Structure formats: structure tokens, C-alpha cells
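Quick heads-up: structures coming right below.
In the two assemblies presented below, subunit A is common to both, partnered first by subunit B and then by subunit C.
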Partner chain A sequence: MISEFLAASFFSVFAISVLLCYRAGKILNLSLSSISTLGAYLHFNPFLATLLGIFAGFLLHESTKKLEIARATIFSLGLAIAIEEILRIIFKKEYIITHVQILELFGENVIWNHFIAGIISISFLFLFFSFLFSKKSKTLKIVEEDYELAEIYGIKTERARKIILSFTGGLIALISSFYNQGIIYPTIGWQNLIFATVIATVANVFKEKSYLFAIIFAVVIICLQKFFL
Partner chain B sequence: MLAKVLPVILLFFIPPFLGNYVLFLSLIAINLGILTLSWQLMEKDSGWISFGQSIPFGISAYILAINPYLTFLAPVNFLIFLFLSVFGKSLFPFATFITSIATWQASNYLTINGKGGEEGFSVALQLPSEKIYLASATIFIVFLILLEVLSKSKIGLKIKAVRDNEIAAKSIGLDPIKYRMFAFFISSVIASISGILHAITFSHVSPSVFSPFYALFPFVASTISYGKYYTCIFGSFLVVFLTHALTAIFPEAHYILYSVVLMFFAVMKYAKDS
Partner chain C sequence: MRWFLLFLTILAVILFLGCTAEEKKEVKIGVLIPKTGEFSSAGVVMENAAKLAEKHAKEIFGINVKIIIADCGDKPETTKAAFMSLSQQGVVAVVGAYSSPQSLIAADTAKELKLVYIASVASADLEGKVKEGNRYVFRNAYNTTYWGVLATEFLEISNASSYYLIGFDPLRTFNAALFNYVKNNTKAEFKGEAWYKSPSIAPEDYKKAVASAIASGAEVVILGDPGPTSVSVVREFAMRSGKATIYSVGGTLALPYVLKNLSVNNVAFQAAAMEGQEKTNLTKRYFEDYRSIFKEDANNYAGILTYDAIMIVAQAASKGDPVEQLEKGSFIGAAGIYSFDENHQAKWGSEKLKGSLGIFRDGKIEILR
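Entry: the complex of A and B
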């Protein structure tokens, strides 16, 4: 069950990133798929992957800050394809086999990199929910509610959006650089995004509690996957 | 009308004189031109930007390969668009694209009697390229005329009225769902026929028919040809010939073109509006 727990924490973070971009960044960030692929391809240097993820998020913010949601989504798709093709040009080969180190944890074999990705994901979840239950989270809630209202309250929405898109970009690149099954291929990021989007779409129904429900759904889906597949 | 259709007809007369390779590429361009027409009905007249035209396109191709007698059921997949439209116009591009990617991934696991999977299925119906070219060109021109007529007809104006303002359209007694369904259905029929022609052209169907190449092709072809029904075929020819011309030296060329068009479309539209 440890592997499933680590997978659930990874997809929880992915789904929360999708939700954050949508609810507070007012964008359906399709480029997260390619940022995830970027992280996977740069598995040998997670620091570089994180920096490039932050840069991709920053670039997305700067290019879409004045666009409405549909056009911003179209731009993010363009950026996603651009990142993927740049990776294809640089790496030249589509499939990369990575060395997998197995770790024995409470009698269960766990992939070492998954363990690291899980630790980072759980740390993020802990910090994120600490923030969410603090008084400072009101800022996020107002930004999610309405940009104009947030501006009236003195919140710099553009700055908040910039931080959210850059941070989620960096985070996804970082955890994706660890989370792979020993084989990296171009559509790896799309699979992660589809899975995270399904979780985020259902969780989004629960409005303010959507972040908490994203974790619950991730756990439920991973458990169902374990039992049925 | 004649001034719009005539250049297209003239364009279709050129490839048969330029050898088999050009004819084959032109055939692919015309089939994808039909797909672009179906997309334009969704975007131009109904106001729904779809990144999932590969769904009816691919499903019809698969049905033809698996059981040709069930091909008439292919347009039913307009229900997928109808379901996805509950997310609203701003989320529709995202929802359709994610669905098309999910279909692409799922199609890799579709096997019947040990056939299918990543390799796909063979199509029993095989015809010479010249005949398919003639059929595709004729179908394209028929659909082009039909869509131009539909766009200016009473029903076309009602679809546009619903596109521009659903509440105002409701106030004058128009049912938005009814006209949306109509537009989605016609669009799915056209995309399905395009998929069938594509499957016959290659005599084979694989999961790639659901890939982003086909999902985004109509958007790109339409955008670079100024978004008119009668100009989309030129965009289609340009993308197909550019893709194949550069494949040997630069295999990623078409996707680079896609990304540039997508990013510029979003930014330029904003610049134009403001």
C-alpha cells in the first residue's frame, strides 16, 4: 500500500496545482502536462527541471495575464506543444530508460525515486493545508472569488497569479523529475494531466473544500485502480 | 457563391497532373479540409471552439474498420460534444482536448480477436487513389456549398443569434439547446465522413487518428487561412504539404507550426479586440 500512498500524494499535488491555476490563476493550465514531461526528461537534474518549470509558469503568466480563460487555455496548449517539441529536438529519442533503485520499506518494495517524490508531495500538502487553515488563506479565497474585489481589498492579483503559475510549474517539474516507472516517453505528462484533471474536475464541485476533496478523490481512484487493475 | 467555389474547384484539378505523390498528399489535404469544414461550423457559426474534432473523425474511421455496416451510427458521437458543452464555452476547448487525448490513450487498448491495440485495424474496403480523390473532392465541394447556404439561411441566422447572445435568443423564442444540437450533429456528420474517407485512403486505422495532430489540425488550418469556409482548403493544403515536405529534415515542423499558431491566435485575438 506504500506505493499507492505515494502515487496518491503525487496525483493530489498535480490535481491541486490544476485547481490552483484554474481557481486563482483563471487559466486551465494545459502546459502542466509538458512541464511534467520536462521534469521527467530532466530526471538527472531536478534543480534544473524546477528552474525551467518556474520559467515556463512565469512565461505563461506574462503572456496570458490579459487574456480571458478560453484564450489563455489555447495559449497554454500552444506552450505545451512548444515545450514538448523542444524536448523532442534536444533529446532526439522518444523513449528513455532510467535506472530504478528499489527500497524496502516495511516489507514492501518501493521505487526510491517515488519515495522522494512522495516525500516532496506530502511536504507540500502539509505546508499548503497549514496555509489554507491559517488567516492568510483569506487572500487566496478572495483572489479565487473575484479579481476586481481582490484589487479593492488591496491585493495585487497579478502578483498572486504570477506566484501561483510559477510555483505550480516549478513544483510539477520537480516531483515529475522523480516520479516515473523507469521509462520516460513523450506522452507521460498528458497521462498525468488527464488523471489530475479528472480528480480536479470532480473536486471543483465542492468549491471551498475542493483542495481537500482533491486528496480524497486521488486516494479513492488510486485504491480503485489497485483493486480492479 | 461561384466566385468562392470556383478557385477551390480549380485547385482540385491541378494535383492529378502532378504525379501520384502529389495526388496522395492532396487527397489527405482534402480529407482534412472536410474535417476543417466541420470544425468551422462549430466555431464560426455556433461559437464553440472544439479541440476534439478528432473524436468523431477517429470513431467513424474505427467503426468502418471494425464493422462497416455500423458506419451509419458514427454521427451519434455528436452526443459527446453535447455532453461536454455543459462545461460552458470557455471550458469547451479544454474539455474537448482532454477527451480527445483520453480517447487517444484508450484506443491503444482496443483489441478485437487479438487485432487492434497500438497497431490498429485494416480497412476491408480498398479503392484506387484516383477514385477516392474524385469522391473526396466532390464531397468537399458539396459540403462547402451546403455550409455556405446554411450559414445564410434562416436556420443559420438562428444558430448565429444563439451564438452571439443566448439570453437574447431565448427572449425571441429560440431554443439554444435545439440549435446547438443541430450544429453539433451536422458538424459530427461531416467530421465522420472525413474520418471514413481518411480510413479508406490509408486502408488502415490506428490510434494516431485521435492524436493532437488531428485534434488541432482544423484549428490551425482554419486560423492560417483566415477562418472562412472557402479558404480553409488552402490552409489544409499548406499544413499537409509543409508537414510532408519538411518531415525528412525537420520531423517536428508541423507541431512547431501548431504551437506558434495556437499562441499567436490567443494573443492576436486579444490585440484585435482591444
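Entry: the complex of A and C
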């Protein structure tokens, strides 16, 4: 059950990142797939993975800040393909197999790297919800509502968008550099993104509570898979 | 004057030789490679193998092959578009594509365009297409029956008294047919079966299948997933201290570097050919040159069969009409000597063309057959 809990925390963070980009960044950020793959390939240096993830997010913001949501989303797909192709050129191999260390936790064997990814994810969730329940979260809510309204309130929306896209890029690269271990291949990040987007889409229906519901859905779906499907 | 005549004679000889070299016909072969989408990992090795085949066809057979690659993605519609674009570039035949739906649409397009298509990976029912009158489709890969034959042979070789089946849901048609063959043709006891979904839909689903397989107590677990999730299955199996031998249909788990890095004992697999075997004079060169050029172990199913498909077309096209030649001739490939039956299926299981079985034990790969 611990490994399912770790998986749920990883996918919660992924889904929240998708939601943040969509609700506050006004983009369905498809490049998170390849940023996740990038993190996996750079597992030997999570710091570098994070930096490059931040850079990819920043690049996405700069290239799409003047575009409407549909065009920005298409651009993010192009960026995803570009990152994937660069990884193919650099790493060449069809698959990279990485050594995984097993950790015994309460009688259950857990992959050490999944445990680290889980710890980072849970830490992020804790910090994020601390922020959401604080007064400062009003800024985020206004940005999510309407950019023009936010500008009237004196919020620099472009700066907020830049921070969100760069931060989520760095975060996804970091947790993926730990979570996507064992076997790495160029399309590994798409699997994460598709599953996270399913969770994010359902959670988005709940508007202001969407972030909380992203966690609930991730836990419920993964538990359902274990016991019923 | 004498020197001038000598000069003219030498010039004429040079020009003549030049002309014959020029006239040496270029054989253009289209290759459908899944460069994008779900099967893009396999696409990398298929592309590498295709480039190697182009080189070897010139060096070994003296046939001036030019391959033209088109991205067929992972869907039938993208495959059809890629096939059409290849046909407009004057290719004599098209080979490749990965999944069964892709190969089925490629077969229909081949008939429509009257252009030979050789399916080099997929196991869909292409024989049915031939029976319906499509003369243009051939397959040098196994059909589903032969996948079952190899799995059943492995159960016999390993003297297994029981077995369990783990299927991969996105490949349900292929896996179900393979499993049915095994169930109907082995004396070993069937202990049950489980299926897992694509990791895109259910990332942790394979763990449940592994738990059921271990609980069944079967001696051999037959795993129908040729993709990268199969590595996670084997690792989960080892983490849960599973004792059974895992027999994989190949793909990712048939790659020597994957098995060595994974380092889990008793993982058996099938392959069209394995390094260390000399099925023909091309086998050794395929494995050696692949490693020296692409700096990794050669793929021994999707890669080698794409390589062979190009070699087959090159040999057939250099002799005359490709359809006629393919129907009556035999052709050297790295996995064996190919000839096709009345349904245009390569005669796998014949004396000159047999699949291989291997097992990873104690840090090395043993060839079982």
C-alpha cells in the first residue's frame, strides 16, 4: 500500500502542476511530458534536471505570453517534441536501464527513488496547501479568474505566469528524476502526463477546490486500480 | 596519332564503365517507422536496422538500395498517409509499421496502390487479406500461431508442470491468440491469467497481475508485453521474491543489455535470431555492425526483421517483378532463409527459418535453441 501512496502523491503533484498551468498560466502545458522525460534521463543529476526544467518552463512562457490558450497549447506540444528529439539525439539508446535500490518499509518492499520522489511530492503538497489556505492565495485566485481584473488589482500577471510555468517545469523535472526509474525511454513522460491530465480534467470541474480534488482523485483512482480493476 | 587513338580507347573504356555503373539500377524501398507516438522506442531500432540493411545490401549483394523512411506514428490513419507519401516517391515496395491495426491498413493501401508491402513486425491476420485476393501483402515476421509455438516449445524445453499468463491489454488481440494457442497445445497445467492496462491509464496496474501470478504458484509465467512495462513487471516480480521463470514474448526483454542491467535470473525470451548464432552469413554481420555503428546491442526482433524485410525486397526486386519473385523465390536474411507460403506468410518453423529461445541466468544469456 505504501508504493500506491507514493504513486498517488507523485501523480497528485503532476495533476496540480497541469491544473496550475491551465488555470493560472492559461495553457494546457503539454511540454510537461517531455520535461518529465528530461528529468528521468538526467536522474544522475537532479539539480541539473531541475534547472533545465525551470529553463524549459521559462522558454515556454516567453514564447507563448502573447498567444491565446489554443495556440499556446500547440506551441507547448512543439516544445515537448523538440525536447524529446534532443534527448533522442543525445542519449541515442532505445532504453536506459537504471539500478534501483529496494527499501523495506513496514514489511513492504519499496523502490528507494520512489520513496524520495514521494517525500518531495508530499513536501510540495504541504507547502502548496499552506499557501492556498493563507491570505496570499488571493493573488492566485484573482489571476485564475481573469488577467485583466488581476492587472486592475495591481498584480503583474505576466510575472505570475512566468513563475508558475518555470516552477512547475522545475518541480516536474525534479520529481521525475527520482520517480521515473528502472527503465527510461523517450516517451515515458507522456504516460505520466496523460494520467495526470485525466485527474486534472475531472478535478477542474470543482473550480476553487480543484487542487484538493486532484489529490483525492489520484488517491482514489490508484486505490481502485489496486483493489478492483 | 597512335597516342591519340590510345587515349580515345582508354576514354571510351572509362566512359563505358562509367555508364554501366550509372545504369546499375537503384532500388528504392520505403520503410514505415513509428518515429513518433507509443511505439517510438521500437522506431529507433527499426530505423537503425533499416540504415544498416541499406549499407549491407550494397556491400554484400551489390544491390544499390536506397531506403526512404516515413513516420507512420502509432495509428492506422498516419500509417496510410505515410504509405501514400512513400508510393509517390517511386519505391518498389514498402516494409515496416509496428502494430496490427497499422499493418492491416498498410495491407489495404498496398492493394489499392498495387505496391508490395512486407509487414516486418505485426502479427495481425494478413493471411486473410491474401485469401481475399490481396497479392501485394507479405509478412516476414511471425504470425500469431508461431508466437504460440515458441511459447509452447519453451514450456516443453523447461519441463514446466504449470504456467500462468500475463497479458498486456493494448495488445489484447495478439496476446489472446497467443494464449489460446498455448492453452490448446501444452500438457502443462494452466494456473490462470491476468491482464494489465497501459501505464497511461493505470500506472500501477501491472503490480496486481504480478501478485496474482506469484500467488498461483505456477512454474512459468508467460508475459505477453513486448514493451518497456515488461521490465517493471520483472522487477516487481523479483521484489516480491517470485520464484517462477518468466517467459517473455521478446521485445524489450530480449535485449542483452536490458537483461544484464536488470540482472534478474531466469528471464527467458524468444528472438528471431540471437548474437552468437550463425543462421546465415548475415547474422554475425548484423549484430557486429549494428553494435559498431550504433554503439548498442542489436535488437533481435523488430530491428532484425525490418533489416531482413529490406534485404528480401532488395533481392526480389533485383531479379524482376517483386510479387512474382517473392511468391516463388527464397531470400537470405539475418534470421534465416525466407520463403513465403501460399498466404504470403514467411515459413517460420521450417528447417531454414526458426525462432530462437534464450534465457538469462547467472549474469549471462544462454541460447536454448
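Everything that follows uses one rule, which is that the second predicted complex is superposed on the first by the 226 of 229 C-alpha atoms of A that agree within 3 Å, B and C clash if a C-alpha of one lies under 4 Å from a C-alpha of the other, contacts with A are read in each partner's own complex, and residues count from 1 in each chain.
Operating definition for what follows: a contact is a pair of C-beta atoms (placed from the backbone, for glycine too) under 8 Å apart; a residue touches a chain by one contact, two chains touch by 3 or more.
Here the structure is a predicted model, which means the values were calculated and not measured.
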Assess the superposed three-chain arrangement around subunit A: do subunit B and subunit C clash, or do they fit? clash
Quick one: is A:204 in contact with subunit B, with subunit C, with both, or with neither? Answer first, second, both or neither. neither
First, second, both or neither for A:68, with subunit B first and subunit C second: first
Partner chain(s) touched by A:93 [first = subunit B, second = subunit C, both, neither]: second
Where does A:190 make contact in the superposed view: on subunit B (first), on subunit C (second), on both, or on neither? both
Touched partner set for A:4, first subunit B, second subunit C, both or neither: second
Between subunit B and subunit C, whom does A:137 touch in the aligned arrangement: first, second, both, or neither? neither
In the superposed model, where does subunit C crash into subunit B, at 9-17, 81-89, 243-251 or 351-359? 81-89
Which positions of subunit A sit in both the subunit B and the subunit C interface? 81, 88, 187, 190-191, 194
Sites on subunit A touched by subunit B in the complex: 28, 30, 63-64, 66-75, 77-82, 84-85, 88-89, 187, 190-191, 193-194, 197
Can you list the subunit A residues touching subunit C in their complex? 3-4, 7, 11, 81, 88, 92-95, 97-100, 102, 109, 111, 182-183, 185-188, 190-192, 194-195, 198, 222, 225-226, 229
Provide the residue numbers of subunit B that touch subunit A in the complex, in ascending order. 49, 51, 89-94, 97-98, 101-102, 105, 212, 216, 252, 255-256, 258-267, 269-270, 274
With touch defined as at the start, can you tell me which subunit C residues reach subunit A in the complex? 36-38, 40-42, 44-45, 197-205, 207-208, 228, 231-232, 235, 239-240, 252, 255, 257-258, 261-262, 294-296, 299
